[in-house]
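Quick notes on the structure that follows.
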């Protein structure tokens, strides 16, 4: 397999993980200024792309044209771009392309479990905890988790979670994301953590994900690399490769 | 609906929960010495049985014969008894019988999630925490959770969790259940709690269930009562009514 | 010992706890309409008062006059009342009176530890979790904890905790109590829980108190009862009986 | 200040931390083969020693002779060595020497709090969680914590924690350290974590320390460096510099 963006921070981490993994071999490391043709010369069957929104569409056009499967962490995909990719893939029906905004298996599993459990519990809130240098609150993952929970509750015809708060301080009850309360903590020493607490009469269920190291996204990339050839066409979201249903 | 064993500790809790619930009506409370025919006279459509292994088979024979669906928490079902029930149900194809060793939705969901997540994580251990008057360690739920995790790992072809322990004190690493480590804490003030911790490079996923009150099993009983009529035949395990797959 | 307010919810709990405890004997249960003289007749040496702000000052005047030590959980003490009590105690120098707004040893220890640890950690936030029928957010204990932490940080000359949040949703970062962030969760199934998370480079320290049962205040009352005779004069706050310094 | 063992893994981390800290200046980095006289030439007032048991006594003799205060993380101090140091310090009454087996402020504070809270709670157990490459179970810190808790309970005249376990699997209840149960988890993705859970009727108190990064010991070293000059004589244990009493 090959890596596009191999000298970037994320790409370099991917190269390290591939080198250490069983059953995959790194045959091409390509970055800005390198000829993309190296992918073909080295007979890469799968490529991982962590590059830039400006170049990723050209990269993918090249891969699809040459029958190379792609696992893509580069951002900036909107419906227009996805639709263009689907068009290109019709002429290469054997090629698989995975576009994923998040390669952390733990984060994906947490979101999936939270959404699945949502309909069994009257109450649910989300707490996310990060280092204090983070600019946004809540985190993107926490927002997305709350949206998925809210959708699951709507589908099950549930009322809003109970809350008798009538007096207090502004902000105490957190942010409101689609009717679900989300709390953001910023603490030195932490990396990236999230907890979903669900509760009903006499019991609670807590799902917690702790990410202690940036390298925690690499198992997700490897899962993508190992499966993308067997999943032709366009897939958006690593969750579809995890067989969680 | 009716309750068999209505004056027992668990049965009484079920009666209270039914009285407080929407969409179900308690029409018969039957216990030792009461005529079981009250179920028919009161036109109960569903019966909940928390009685005794000595009488439950007779109770169920009566229910099946009279077209009454049954949700059963009484213990003591082995393959012989289950097979006898299946036979009886062939002559009453519209009747549903649910036999469940555990009605805690939280415990069931935790076990299911732990088994689903097991194949994504190199390491996994189970910690269960109970009040210090409990006689067995580990708890039945913890053992069952470890067995389900071990089965999921086997199916995924995984090696045993890594463990470099070469020196230490006996018991420090917990009990071994099918190769999965299980730790039992006994602390005054606690009720019934369990945590499954899964870990891979740079991240962990924790699934925790806290049961603070014995009443926490009643939502599971109500779920059974509401669905059993729509699920004819014999079902073993409430998980099959939760649509977790 | 005797109990004033013995038939109230809290007083009744105290009576039960005293009956089960070693080394203390319940000799008088007094409530509205009962003659307070029963305390003298029964030779009570210590009295516990969980009554009402309207009657507690008269109760204490009676106790001090008759040389009976008092442990008081009744609310409504301001500086005027405390000062009046101090005056009365000058003429009964052997009598001890403990006024405590909070008898939960766990809550008191948590607040004390949080304040002690505050100066070692750059970051600190408070999370409190309660059942959804609670009217105020944050809880009184959480506010008090944050105030004590803020005071300890001021005394140590510390800057505010770091926080780079520049974009996000209103309320995500919780309420601001003296510069300390406090988050309130309301979840069915929970009782009363609080967590203080402190963090510095590469590490965090978490102090958590879980109160699962209202009876958790009784050990604090018994601690008061056992020690009040040895602590003459007025004491405000059970923490002074716990020798935490 | 100067660092002895400056090119070792720990010493290098200390050098980095000193460079980034306010109010301390790194004037000498000394390692094997370098002349120790550099400490005098550079006018170091305080030295940090993370070297080896074979050389540390000579290093300290040199420091004491030249009036340099010392903060020592090197291991191998027994009563004979400590006694020799005390002798040497009598002739240099202004010099302070701190010998500490553990510089993690979080670990020290956790142990202190656990010992302080022990006498208020009927039950207590210790759980430590580390990466799976660790050789010993339980960890040294967990053993030490359990010993301190056991000593505090003995001093308070308490009975052993209640435990009705009569059936189960070997190891489930953990290791026994002075009558206190200790559980060791080994999970990929974790670094070094410990939890002390104390419980009484209706409530629990949990003290948890999470160390996510080896650098977490440096604030403790800096605390030692800043205070050692004001604490002449020999001090064993950083806790004596933290004013926790």
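Read from first to last, the chains carry the letters A, B, C and D; within each, the first residue is number 1.
The rule we apply is simple: a contact is a pair of C-beta atoms (placed from the backbone, for glycine too) under 8 Å apart; a residue touches a chain by one contact, two chains touch by 3 or more.
Just so it is clear, the model here is predicted, and its values are computed rather than measured.
K.L.:
Farthest from chain C in C-alpha centre terms, which chain would that be?
P.N.:
Looking at centroid distances, A is the chain farthest away.
K.L.:
Quick check: how many Å separate the C-alpha centres of chain B and chain D?
P.N.:
Result: the chain centres lie 46 Å from each other.
K.L.:
So how far apart, in whole Å, are chain A and chain D when each is placed at the average of its C-alpha atoms?
P.N.:
Comparing mean C-alpha positions, chain D is 40 Å from chain A.
K.L.:
Indicate the whole-number Å distance between the mean C-alpha point of chain C and the mean C-alpha point of chain D.
P.N.:
34
K.L.:
If a residue has to touch 2 or more other chains to count, which residues of chain D qualify?
P.N.:
Touching at least two other chains: 189-190, 200-204, 210, 212-213, 216.
K.L.:
Draw the chains as points, connect those that touch, then say whether the picture is a line, ring, star, complete or other.
P.N.:
Here the contact pattern is complete, since every chain touches every other one.
K.L.:
Residues of chain D touching chain A in their complex?
P.N.:
189-191, 210, 212-213, 216
K.L.:
Spell out the residues on chain A that touch chain B in their complex, using ranges where they run on.
P.N.:
Per the stated touch rule, the residues are 104-106, 109-110, 113, 116-117, 120, 200-216, 218-219, 242, 244-245.
K.L.:
Using the touch rule from the top, collect the residues of chain D that touch chain B in their complex.
P.N.:
121-125, 127, 129, 132-138, 161-177, 181-190, 197-204
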